[in-house]
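Structures given as C-alpha cells follow.
What follows is a pair of complexes built around subunit A, which joins subunit B in one and subunit C in the other.
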Partner chain A sequence: MSSPSERPGTAAPSAVIHDIGYRPYAGPRLGEGAVARSFFVTGLRNCFGLGRSGRSKILPMGLLGLMLLPALILVGVLVQARTLLGLDEHIVAYSTYPITTQLLISVFVASQAPALISRDLRFRTITLYLARPGRRTTYVLVRLASLTAATALLIAAPLLLLYVGGLLADLPLGRETERFLAALVGAVLLAVCLSCLAAVVSALTIRRGLAVAAVIVVLLVSYTVVTTIQGISTESGNETVGEVAGLFSPYTLINGLQVFLFDSPAATPTPPTSDAIGVAYLVATVVTVLGAVGAMLARFRRVSA
Partner chain B sequence: MQIRRERRVPGPLNRYLGAVGVIETAGLTKQYPRVTALDQLDVSVGDGVTGLVGANGAGKSTLIKILLGLIPASSGTAHVLGHDVAAEGARIRALVGYMPEHDCLPADVSASDLVVHMGQMSGLPYPAARERASDVLRHVGLAEERYRPMGGYSTGMKQRAKLAQALVHDPRLVLLDEPTNGLDPSSRDDMLALVRRIGTEFGIAVLVTSHLLGELERISDHVVVLDSGRLLRSSATTDFLHTTGNLLIEVQGRTDADTVLGQALVDAGLRAWPVDGHMIEVEVRDETTRDVVRDVTADLGLGLVRMQERHHRIEDVFREGGAGSVQPV
Partner chain C sequence: MTSPVSPTIVRLGVRSVFGRRRGILLFLLPLVLVGLAVLVRVLVGDDLEAASDTLYGLGLVVIVPLVALLATTGVLAPEIDDGSIAYLLAKPISRHTIVVSKLVVAASCVLLFAAVPMLIAGLVLALDDPQLGAGFALGSLAGGLAYCAVFALLSVMTRHAVVVGLIYMLIWEGLLGGLLDGVRWLSVTRWAGAIIDQVTAEINLVEGLGTVYAVVATVIVVVAGTWLTGRKLRAFNLTGDE
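So, the complex of A and B:
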C-alpha cells in the first residue's frame, strides 16, 4: 500500500486513497538458495498445520502435546521424588524415549508425509512449482528436508524437556549433556529414516487416505514383527537372529545404531553386540536413506508438468 | 477523503520498447511416439494479447510447455523474451507466469497463502510477496474469500486464484491455458476483460489459449491458429475482422418481415440472402445501396432495427480452410 502523501502546512484531511492501478515490481529477486530456504520453512510450518486450515493443525499439534506429556510427568517425578526413590539418572533413557513413543511418531509421519508429498501430486500443485525457476531435484530434497526437520522436532522436543528437567533435578551436567547430544543425533537419524520411508510410500499414491494407511502399516507392522522376532530370539537364546532382525524396522535400527555408535542404553532386547553387526546397522541406515532419496528423485522425474 | 487516480502510461510499449519478439519459434517440432503434437511451427508473438486458437489436441498445451522449458522439443528452436528454451529454461520461468489449464490448487490452503508462497518461489522476499499477493488478488477480484481454503471455491474463484499466482512475481509474459474453461457466461466475460487488462494496462505480454474462437477475437491483438500441430494462420486480429463489404439488416413489424424485405431487395436488383435466423445480408454495390435498403424498408412499412457492416469472424478462417484442405502457411 502506498502511503498518503504528506502536505506540509495543511492540517486538514490528510487521508488520501491512491488507486494506482497495476504496479510493476522493481525490488530484489532472490536466488536459488533463498528460494529453497523459504520453501523449506513453508513445508516445515505446513507439517504442523501452520499456514493450512484450522482442522489441519489438530492432529500434529495434538501429537506434539502427547509426545511431551510423558516427558513432563517423568521430569515431575524425577524432580519431586529423586531422593525418595534414590534416582541418579533418568527413569527413561533419552535413547529409549523414541521407542516408547513410537506409535505417536509413526502416526505423525504417516499423517504429514502425505500432506506434504501426495498433496502436490493429487492437486497437481506440482505444476506450479515446475513452472517456476527451481529445479525438480531441489523440490524433492527440500520437501524431504522439511519432513525430516518436522519429525526431528517432534522427537527431540521431549528429549530437550527431559534434559532441562534432569539438570533441574541436579543430575550430573557433563554426563547428561553427553547423553542428550548423542540422543539428538539419534533423533535426527531416526527422523531422516522415517521421513524418507514415509515420503517414498506417499509418493506412490495420490490418495491421501491410502498413503496414510500404507505408511502406518509399513512402520507399525515392521516394528511389531521385529520386536516379536527379537523377543523370541532372546527367549530361545539365539540372539544373533534378533540382532539381524533389528535391521528391518527404523526404530530398532536407529536404536541399535545409537548403542553401537554412542554406547547408549539399549531399548531393544537384542542390540548389536559385535562390530560387524554394528557396521551392518550403519550401512543399513545409509542404504535406506540414499535408496529412498534416489527413489524419490526417480519418482518425481517422471511427473509430467 | 478523496480518491486520486494515477495510472501508469498504458500499453506494453513503455516497458519493452524495442523488444524484438516475445516468443519466436522456428521449425519447432514435437514428436511423441505415436503423434506429432507440433509440426514445423514458425510463430512470432509480440507484445499485447495474443490468442492461440485450436481445437482440443491441436498442440496448444504442448507449445506452452515447450516455451516454459518443461518438455524438450524434438527439433527446431524457440526463444522466449530472447532466451533459448532448451538452454535457459530456469531464466525463462523466472520471467514468465503460467496458468495451467487443469486444477492445481491445494484444497486446504487459502488463496492468499498460496499466492504469497508462489511469489516467494519466484524469488520475491516475504514482505514483497505479501504486498504483491494482496495487489494481484485485488486485481483478479478475490475479496474476503481469499482467506478461505480453496477447496470450497467456485470454478470462477479458482480460475482467479490460478491467474493471481501467475501474476504475483510481475512476469513480463503470462501464458494462460484456457482461462475461461468451465466458467459461466458472465464470469467468462469478466475473465476475458481481465486478460485484456493484463495485456494493455498492466503492460504484460499475454499468450492466451482457447478452443472458442469468438472469445479471442474480442480481446486479442493478434491471433495464431493451430490445427493438428501446424500453423494454420497467424495475423493481427484486425485482419481477421476486416469488413466483408456486406450489410447486415434486421427489421421488424410483421412476423415474416425478413422474408418480405429480402424479396423486395432482390426485386430492387440487389443481392440479398437470409442469415442468422431473422437477419438479411446485403451486398453493397455502391454508395446508394444503403439508401435503397432504407427506402424499400420504409415503403413496406417495416421498422429498421439494425443496419451494420458485417465483419469476418475468426470462424470464417476455419470455414474457408475446411477440415481437409488445411495448408500450413
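So, the complex of A and C:
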C-alpha cells in the first residue's frame, strides 16, 4: 500500500490545515507560587481526610475528636467546680497537654505522613507533580509544610479550647494569654519536629503499612526509653542523665525547650535546669529539623521523575 | 494435606519480612531493649524494682507487641495489599496451612527478637536472679504469640491492619489497660504479666488475675485467632484501595 503523497498524478500536495477558530489558552498563567499554594492546601485537607474517601476521614477526625475530648472535660470541671475546688488556673497546663495526649498525636502523624509521602513514591504520582512548574525542593518543602500545619492544628485545637474555656470561666486574661501563646509556640515546634521525623521515616519505604509502623516505633520507643531513663535518674539522684536523655524524644525535647524558653510548668521529671542544657535543647531542636529537611531533600533528589 | 506447615511459604515469608532492608526495625527494637537494660544497670545497679519496671514498661508493653505487629503484618499484609496473595490462594494448599506457615515465621521472629532479648536484658539487669529473665522471656513469648494471632486476623479483615493494630495496641492495651483495671480480663499484656508473676516468685505485675485464666485465655486467643484467620482466608475478597 502506498502513501497518498506517492500516488501518481498529484503534482503538489493540496492538503490545507484550516483555521476553524480553536484558540489556545492565552490568559495569565499562575507560576510556581500558586502551584505550591494549592498543593499545600490539598495536602493539608488530605491530612484530615477532606477530599478523600469517607473511610479515610474516620481516623484523623476521630483522633481530632479524641484530642478535644479531655480538654472539653477539663473545661467542664473547671467551670463547674471552680469555687468548690478553689481552682484559679487550669488543671492541666497548656504545655503539659501535648505530652499527656502524645499517643493520639503519634498515631495521627504516623498514619498521615505515609499517606502524604509514601503513596506518591509508590504509585509514581510524584512524576506528575514533578512535571508541573515547581522544583523538587518545592515539592518536599510543601509536603512538609502541609504535614506540619495539620499536626499543629491537631495539637493547638485543644489548647485553644482550654484557653477560651478558661477565659469564659473568668481566669485572668493577661496571664492566660501569655501562657497560651507560649504553649502555641511549643505546639508549632512540636509539630515541626514530629512531621520532619515522620516524613523522613516514611520517605524511606514505599510500603504504607511499614512506614506507619516505623514512625510509631521511632516515636513510641524513643518516648518510652526516655521516660524510663528519666524516672530512674530522679530515683537514683542522677538528674543530669535524665536531662540529657530528654533530648532524644521529640515530646520531652519540646517540653524541656518550653520550660527553658518560657518557664512553663514541666511535664517531665527532669526538665532542663541549667542554661547549658537549655541551649542544648534548643540546638537539638534546630539540628533535628534541619537534619530531617536535609535528609528529605537528599532522598528526593534521587527519585527519578 | 500432609504437614500443617509448608516450607516454601515459610521461606517466602522470611523473605517478605527481611527482604530489602525491611527487617532493620526488627533488629533495632531488641538492641534498644538491651541497651536500656545496660544503662539502667549502670545507673541504679542491682535493683529488682527498676529491673522489672524496665522489662515490663519497655519490653512487654512496647517491644513485644511491636515485634509481633511488624512480623505478622510483614508476612501477611504486603501480599494482600498488592493483591499477589491471589496467586498463593490459587494453589491447591489448605488456607489453614498458609496461615499456620506464615504464623510460624512471625512466631520465630517473636522468639528471636522479643523473647531472647528479654532473657538477655533480664540477665543484664539481675545476673544472680536468672528467674527474672526467664519469666519475662516466657511471658513475652506467650504474649507475643497471642499478639501474632490477633494481628494476623486483623490483616485479613482490613487493609489498614497496621493502623488498626497500633490503635488496639496503644489505646486498648496501653492507655485503657493502664487506667481501667477491669481491662485485665481482656488484655494480652496483662495475661503475659500474670504468667510472669507465676514464674518469677518475687515480683507482682498484675493483681487479681489467676495464672490458669491467663494461660487458658492466651491459648484460646492463639488457637482461635489462627483458625479464624484461615477461615476468613477461605472466602477472601480482594478489594481496591480506599
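As a working rule, the second predicted complex is superposed on the first by the 278 of 305 C-alpha atoms of A that agree within 3 Å, B and C clash if a C-alpha of one lies under 4 Å from a C-alpha of the other, contacts with A are read in each partner's own complex, and residues count from 1 in each chain.
The working rule: a residue touches a chain if its C-beta (ideal position, glycine included) is under 8 Å from a C-beta of that chain, and two chains touch if they have at least 3 such contacts.
Bear in mind the structure is a predicted one, so any value in this text is a computation, not a measurement.
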**OP:** Once the structures are superposed on A, label A:Ala34 by its partner contacts, choosing first (subunit B), second (subunit C), both or neither.
**Re:** first
Original post:
Just subunit B (first), just subunit C (second), both, or neither: which does A:Ser53 touch?
Top reply: both
Subject >> Touching partner for A:Tyr22 - first (subunit B), second (subunit C), both, neither >> reply: first
**OP:** Return first, second, both or neither, reflecting whether A:Arg175 touches subunit B, subunit C, both chains, or no partner chain.
**Re:** neither
**OP:** Scan A:Tyr129 for contacts with subunit B and subunit C and give back first, second, both or neither.
**Re:** first
**OP:** Could you say whether A:Ile216 touches subunit B, subunit C, both of them, or neither, answering first, second, both or neither?
**Re:** second
Original post:
Thinking of the overlay built on chain A, is A:Ala110 touched by subunit B (first), by subunit C (second), by both, or by neither?
Top reply: second
**OP:** Quick one: classify A:Glu235 as touching subunit B (first), subunit C (second), both or neither.
**Re:** second
Original post:
Is subunit A touched at more residues by subunit B or by subunit C?
Top reply: B
Original post:
Which residues would you name on subunit A as touching subunit B in one complex and subunit C in the other?
Top reply: 52-53, 55-56
Subject >> Residues on subunit B engaged by subunit A in the complex (per definition of touch) >> reply: 1-8, 15, 65, 68, 70-71, 90-91, 93-94, 96, 98, 100, 102-109, 113, 117-118, 120-126, 128, 131-132, 135, 139, 149, 165, 169-170, 197, 201-203
Subject >> subunit C contact footprint on subunit A (complex, rising order) >> reply: 52-53, 55-56, 59, 103, 106-107, 110-111, 205, 207-210, 212-214, 216-217, 220-221, 224-225, 228-229, 231-233, 235-236, 238, 241
Subject >> Residue numbers on subunit A that touch subunit B, as the complex places them >> reply: 1, 13, 15-25, 27-31, 34-35, 38-39, 42, 51-53, 55-56, 119-120, 123-125, 127-135, 304-305
**OP:** Would you tell me which residues of subunit C are touching subunit A in their complex?
**Re:** 22, 25, 28-29, 32, 36, 39-40, 43-44, 50, 53-54, 57-58, 61-63, 66, 69-70, 73-74, 77-78, 81, 160-163, 166-167, 170-171, 174-175, 242
